[in-house]
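Input: structures, listed below.
Here chain A shows up in two complexes: once beside chain B, once beside chain C.
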Partner chain A sequence: MSKRSRIRAFLFLSFLAAFPAAYAQTADANPDFRKILTLIDERSTFPKIDFSAVVQMKTTDPEKGDSDEKSAFFRRDSLDAFLILQLEPSTKKGQGMLLVSDNLWKYDPVSRKFSHSSLKDNYGDSAAKNSDFRSSSKAKDYKVAAASSGALGKFDCWILELEAVRDDVTYPFMKLWVSKSDNLLLKAEEYSLTRRLLRTSLFPSYSKLADKYIATRSIFQDGLVAGKRTEIIITDLSVKALPDDMFTKSYLEKVGK
Partner chain B sequence: MNIWKTAARNVSRQRRRAVLLGGAVALGSGMMVLVDSLTGGMAAAMKANVTAANVGELYVAGSVWRENGTASKRLDDESTLAAVMADAGLKVTKSLRKTSAETTLVFGSKTVRLGLSGIPWDGASSALGEPQLSSGNLDGMKDASGIILPKDAADRLGVKAGESILARATTVTGQVNVLDFVVAGILAPSGGDMFTSAYARLEKVNDLVNLPKDGAQQTNFYLAKGGDLDAAADAILAGLRAKGAVVADRVKTSADPMANGGPGEDGGLPGMSLGLSATKLEPWSGTKYTISTLDEVASQFMTPIMSIKSIGAIVFVALLAICMVGVVNTFRMVLLERTREIGTMRAMGVKAREVMRLFLAEAVIMTGGGSLFGMAVAFILMPVMSMFESAGGGVFALFLREGHLYFQPSVSGALSCVLLTIVAGSLAALFPARQAAALQPAVALRGI
Partner chain C sequence: MNANRPSRNAVASLLLLASLIASPLLAAQEANSSESDDELFGDAALVTVPTETAKDIAGAGFETSKGLLFGGDLSLVQSVDLWNGNLSQAKGMRTQNLGLNFDARPSDSFRVYGRGQYTMTSAVMDGTFSIQELFADVSWNRTVNLRVGKQAANWGVGYWWSPADILSLSAIDQSDPSARRAGPVAIKASMPIGLNQASIYATTDATDNIDQIGLAGRFEFVLGDSEFGLGGYYRRDGEVKPRLVGTATVKFLGVNWYGEAVGSFGSEVPTVGFASGSPVVSTSDEFFFQGAAGFTWTATDQEKRWNIVAMGEYYFNGRGAEDAAAYADHRAQLLGLVAGGALGGSDLLGYGRHYAGLYASAEDLWSSGLGLVAEWRSNLGEASGYGRLVAAYEPVADFRAEAGGEIHYGPDGGEYVFMNGTGEAGYAVASLRLWTRTTIDVAYPLYGEGARPRLTLVVSGRF
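Here is the complex of A and B:
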């Protein structure tokens, strides 16, 4: 075999060897992003079992000062329901929030009155939203408008730019950083209709519970109010069955006494 | 015998007693007239403030049913409304289109939740007229991003005229939106601050809530002075229904403010509610109109006025009861002191009925005189009290006129008060008067 032929053979073999890697890279560059969104939703949703935890919330607010709160959190996704019972501080003990379907109620044990609230509102004075406690529905609410590859710290990520598929989705645009290795949502940015950054959310740690992944530490940074930030730490995770009467207003009244 | 002349002489004979009793009556009557005029003034000031803050007295809002089972606040079909207004022949002096948004205003790390009203601006002029500004000027509203803030909100944000702020709001379909505004002016404190509404250009607020630039959520009307708002609202409702439009039933004005159910469930004011509450709504097609009036909006603020009026009435009744006891005691004393005099009068041919009339005339002079004096003092106090500027803000400011107490005296109310006092005094004097009339001349002359 002449030298020229050897070179040709080498180049051909090199091409054959490189092809699977190149193909793999192409496939890697274009995974089904919709499936990733569905996976993110499914991993944080408990359609057949109940979920409960203790939520600690630390808010830094340059205007209203810092605050620490602790709540008991119960969720039944089959009913699209959750219940939050305030444990600390003592001044707020007994206050609660109940979501059943699309009706969100706040309960004040002092006045013994319920007031209607919205999932779009902030949770108390924090940078967290009431909707952050509800099961995730990104695949239903958004389409992937653009995707790129990037890094978030030491993690290789898919950066997904989402657009709401309906005009009643609270945040018309979102940007997600999803780790390539395990498809966990690490960071999210929410934008207004005028594409102004409203909030940055970071999810640096997860716990696996059954086959689900729960962000046990979340950081919400307000995009409009300089310096406003809320950190949520979730502990005592459980998937034990909860009593049926728990997701009712009467239960909230009873435990609020 | 001239009963009134004799009665006046008798009253003047016991000046100290007459002054004490008349003074007590004057206190009660004066206070009642003052309270009545104050509550009348508060109601008038409150309505004026609500009209100014809402930019109108008659409101026609629209909402559109959406496929997702919610309603969107938007007045899409304005032509039907215009046709109805033309047919109804109402004396409308001014009308304007308006879009409102519940916003969170952000300046640095400070936030304020505030209603924002988008109204048409022609350069620097609008339906607001020439509002008193504590800083800035209306020329700033020539800028498409101009905004006028109430003083309280500007102070809480720490923002000055010329500076930029962010307004965050929810669109008519429920999405979050944010726009930049430049503070053109800061309103001087007024009674309307209770509504704490900021004002911007209609098209800019439409942008914020994602309505077409030339869209609106409602049309507000001002009727000619003396126009019947309730009748006008009914006429519009009937006109719209006659044209086949969907119109929400009106929440009628009631003397009992709570009869309207207090504030609307969706956080709006009664009558301003578009029915977007938590309760399940039946779908409709096209634009659903909701008609409300200033009286309906104002009715919820009548509670404190009614409370003041009730407290005033209770105090008046208590003072009247004390006065009646005083009248009874006074005339029993008079009876004892004048037994011989009455005996002499009877012996000289004065009839028992005339003795009774004399006693009653004395009671009328004492209570009527006291009541008229109290009324006069109240009328002198009113302008004096109106001179002082009130430091009270918040809800209290709603009932003030340009920061001052405002009295609206009612002649019929004052005269009723005087009449009631005279009747009560006469009733109280009736028992001793009958006793005096029943005295036998011979027995009376013996001084028993």
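Here is the complex of A and C:
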């Protein structure tokens, strides 16, 4: 083979070798972002099984003081239901919250009364929202308005800018950092209608149960109150079936202090 | 001591208070550190697979407890008149009490709970002890739940007035509507049916004959995001008259609406007639209607520029006095009937036909710590009422200052005028929380009988 032929062959082989990489780069640059959102939702939703855990919530709030709470958490996504029952501190023990579909009840063991409230409310005085405890529905609630590549610590990420397609969502605009390697949601910035940053959420630790991913450490930083942040640690994860009576007002009253 | 000037001790107390106020303000300025993104996401091992998932909270005896758990609540209030040094219990909604409770849950189907309360009626802590709750819970196959003993039973949905709350032993305290209220000695059986719930009660207060047992039943059901309740009460001996009860909570136009209606076949509560010119106490066997309707509306700006709460309620009392002014005109004679035992003290409250209440608050406007609270309640028939307008400043968690005024208005002897035991009308209050459970108030009523500055120490909390 002549030198020119060898050069041609090398260039051809180089092109062939480069093509999959180029193809992969093209595919990598244009994944179906809606599928990524759907995957995030599906991985954190339990349509056929129950989910329970212990939730430790530490809030640092320079305005209203710090708090450290522990709750029992039970979720049944087939009913769109969850139950949160406070275990600590003793001053709040027995307080509980039950969501079933669009009905959200809070139980006060002192007055022994139930009251309705909005899913959009903050959870207590924390930076977490009641909706943070519900199953994720980002693919249904938002459209991807823009996407780019970036990095978060050691992770290469897709940075997705979302716009709400429904009026009843907690945040009209969101910006998500999703790891490219395994499509895990690592960070979210949540914005108001005027595009003011309301909250930054960080999810630096996950546990895998069956084919589901649970953020076992979440940090919510308030964008409006400097220094206010809530850290949630989830332990004692389980996907064992829960009793049917657990998602009733009667149960909340029974286990309340 | 000169009665017209604050004592030296009082001045010293104020200076001490001012120095204490400064400390949380300084503490709040401390920097808050948090981890950076690089620190949080510096480890490539993001996902772990838990090795032990059998340790689920539901299966680990979460509903049971080992032995007895004790708890309680305490409210101590001591007030000093800064003008003359006299000690007293603060008047108004702040009462002194010590509550102690125990809770035993040997299994997930059996529980015993009790709570007693010592209520102090004087500055030297004289008082009375009462059992607020003492019951056992038994659950059958997680389907039927029995509660046997003295228990709270809140049927109503009203905030200031709740005629549907027919089992509680006292009416709502309008100055503290969320306070706990004692209920009857009863056997309650409840059964959840999906999100709905059926309950039946057999109330046994002061019973030595089966005819004295009151029977009550209630069915609560959910339709969409609304909840309804239907119930009734019957007692064979007729000492407590039969009633039919309906309640509803409905979300509509972004507002939570509630309503309750009661039809009573007579009344065991004495009413007073004035046809002969002097008060005559009687009860009635005629059917009458009571109803309350109201709303709660909350609006929070996402950017925390404002947070508004508004509430309103109207109450119609079909057994109320037809001559709206008669109770006020005959107040002295009515007090004589109370002293003689023909009427209870509570019979001189809620005797009107038409009542209304409004509440509105806006807190932490534009993150300034400034807020406004307005409140009004009235016996509309006799035109007596209570109003309060307060501006508040709460720059940090442990300090709150209020300035404003309140008024009890109406005819002499009117319901809301009579409620005002202190004669205080306008006031300024600065509150400092020393720890989460201790508060010091410096209050300066502006005019009225008790218009002298006072310093109040409040220790309250649950444990």
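The rule is short, and it goes like this: the second predicted complex is superposed on the first by the 243 of 257 C-alpha atoms of A that agree within 3 Å, B and C clash if a C-alpha of one lies under 4 Å from a C-alpha of the other, contacts with A are read in each partner's own complex, and residues count from 1 in each chain.
Quick note on the criterion: a contact is a pair of C-beta atoms (placed from the backbone, for glycine too) under 8 Å apart; a residue touches a chain by one contact, two chains touch by 3 or more.
If you're wondering where the values come from, they're calculated on a predicted model, not measured in any experiment.
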item: Clash or fit (per the criteria above) of chain B with chain C on chain A; value: clash
item: Contacts of A:40 with chain B and chain C, given as first, second, both or neither; value: neither
item: Partner chain(s) touched by A:65 [first = chain B, second = chain C, both, neither]; value: second
item: Touched chain A residues, chain B compared with chain C; value: C
item: First, second, both or neither for A:207, with chain B first and chain C second; value: second
item: Chain B versus chain C as contact partner of A:164, first or second or both or neither; value: first
item: Which superposed partner A:238 touches (first chain B, second chain C, both, neither); value: second
item: Touching partner for A:215 - first (chain B), second (chain C), both, neither; value: neither
item: Chain B and chain C footprints on chain A, overlapping residues; value: 61-63, 103, 116, 171, 192-194, 196, 198, 224-227
item: Chain A residues within the chain B interface of the complex; value: 61-63, 103, 116, 120, 164, 166-172, 190, 192-194, 196, 198, 224-228
item: Chain A contact footprint on chain B (complex, rising order); value: 66, 68, 70, 106, 108-111, 166, 168, 170-171, 173-179, 210, 265, 277-278
item: Complex contacts: residues of chain C adjacent to chain A; value: 28, 30-32, 34-35, 37-44, 46-50, 53-60, 62-63, 71, 103, 111, 137, 139, 142-143, 145, 152, 154, 178-181, 190-192, 194-195, 197, 220, 222, 224-225, 227, 249, 251, 256, 298, 300, 302-304, 367, 396-398, 436, 461-463
item: Chain A to chain C touching residues, read off their complex; value: 52-54, 60-65, 72, 74, 90-91, 93, 100-103, 108, 110-113, 116, 118, 121, 152-155, 171, 179, 182, 184, 186-187, 192-194, 196, 198, 202, 204-209, 213, 216, 219, 221, 224-227, 229, 236-240, 242-246, 248-251, 254-255, 257
